[in-house]
């Protein structure tokens, strides 16, 4: 389990990500999670172009996200992404957001994606290079 | 049940909401859902200022969202928001996004919010004016 | 002059477009302007796909924008776009944002774009179908 | 001149900042510039809260921005902000965005702001602590 690929992306909360309540808007976290998944794909040497060359794009089909604490401007956050499970044409990653200064859990949840044929736009088996990231 | 307050917000997908895949980015849907909830609060005559005058703000604690179909620039979407259940200090609304031209279900899910004391920033009972929206 | 193509796009200011100051963030106006230009291209029957079929994409090279008044959540705004001048490989549109309820001028300015060869990514003459929009 | 306060903010272009053309959307640059100005205020020990305690907020009244080159996902950009001139109730900063890998100028321009009474929302003289940043 522990040797599964995990990625950690560090980011700083910017002014335009803050809403009228003075904290990061709930929608913005989904962007942070997407940045985290991009980082995870890159650590796996499977960025967008490599998957596309295999005829595959990934599409989000479910997000289940818990918001634990408010984050504020200039907070330094780490987005942690790790594989959870893989099926025939879908896979799930676990993601969490931790604030560096106090190690507070800001948010955590799971994101499920399907692999889709880049031309036909229909679901297609998870490529082997991606599937093996889920094997310990 | 049917006499519970439901709101329907119509929106048009704009160019800056489209990502490199040519469809609405997954994070953008959470903004659409927030716009739908604002519309729902307004239909209930409980906009931000009214709740704030009661000493309360609402905070999102969970989003569980299914993405069903891709949406594209100029699609006309309806965000439907209706009450699902209410607890002591939290409540859940059911939201779905339907494309007007073909009535396709684009996304659906639930959003859970807590009511928070606007000063102390700790959870506080759901005000009666909000709670009664969940009673049929 | 008066018979030049002008487009008017109506939009409603949404909660996630408001910043900590309680008004529309200055960056968001550039999205509004882009939506207005898309509307203008569509009224001219020259949307993205049509220009791309001519081998051309347009790229913004300058924005000069004055912010006149604050806009707030639920304000109904009209983005007015009209042609200003055309050169060999560039053109300028004049855009303004007016609030419907009081006809207040919220912002106004000019946006200059170049026409670029979609493959080579180098500037290319403004296609005749686009150029004639600037002739009265 | 050279001893005027200049700030340099480094950022990485993220996936959700890329539009259908595969490059950073023109509106996003205004967010980058705002992040740069926040960084400049902080380097001057004049963040939002300090100015607010002086009864002042700043509001953007003009942006004049040239887009020079396309930026793409994962590009590392530096936003450089430096004072240009100060008037009675307004001031102008010069900002540019440079790509670290090839030192290409991505964008440059000026942003003019007014100082506004935080309560009355009318223009008010630039506070001395802010004005002296423009003196060499």
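Here the chain labels run A, B, C and D in written order, and each chain numbers its own residues starting at 1.
In the analysis below, contacts are C-beta pairs under 8 Å (C-beta built on N, C-alpha and C of every residue); 3 or more make two chains touch, one makes a residue touch a chain.
Just so it is clear, the structure is predicted and the values come from calculations on it, not from any experiment.
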Chain whose average C-alpha position is farthest from chain C's own: A
Averaged-CA centre spacing for the pair chain B and chain A, given as whole angstrom: 23
Averaged-CA centre spacing for the pair chain D and chain A, given as whole angstrom: 30
Residues within chain A bordering two or more other chains: 15-16, 20, 25, 27, 31, 34
Category of the chain touch graph - line, ring, star, complete, other: complete
Of all residues in chain D, those that touch chain B in their complex: 15-16, 18-20, 22, 25, 27
Residue ranges of chain B in contact with chain A within the complex: 20-21, 25-28, 30-31, 33-34, 48, 57, 59-67, 70, 121
Touching residues (chain side chain A, partner chain D) in the complex: 14-16, 31, 34-35, 38, 73
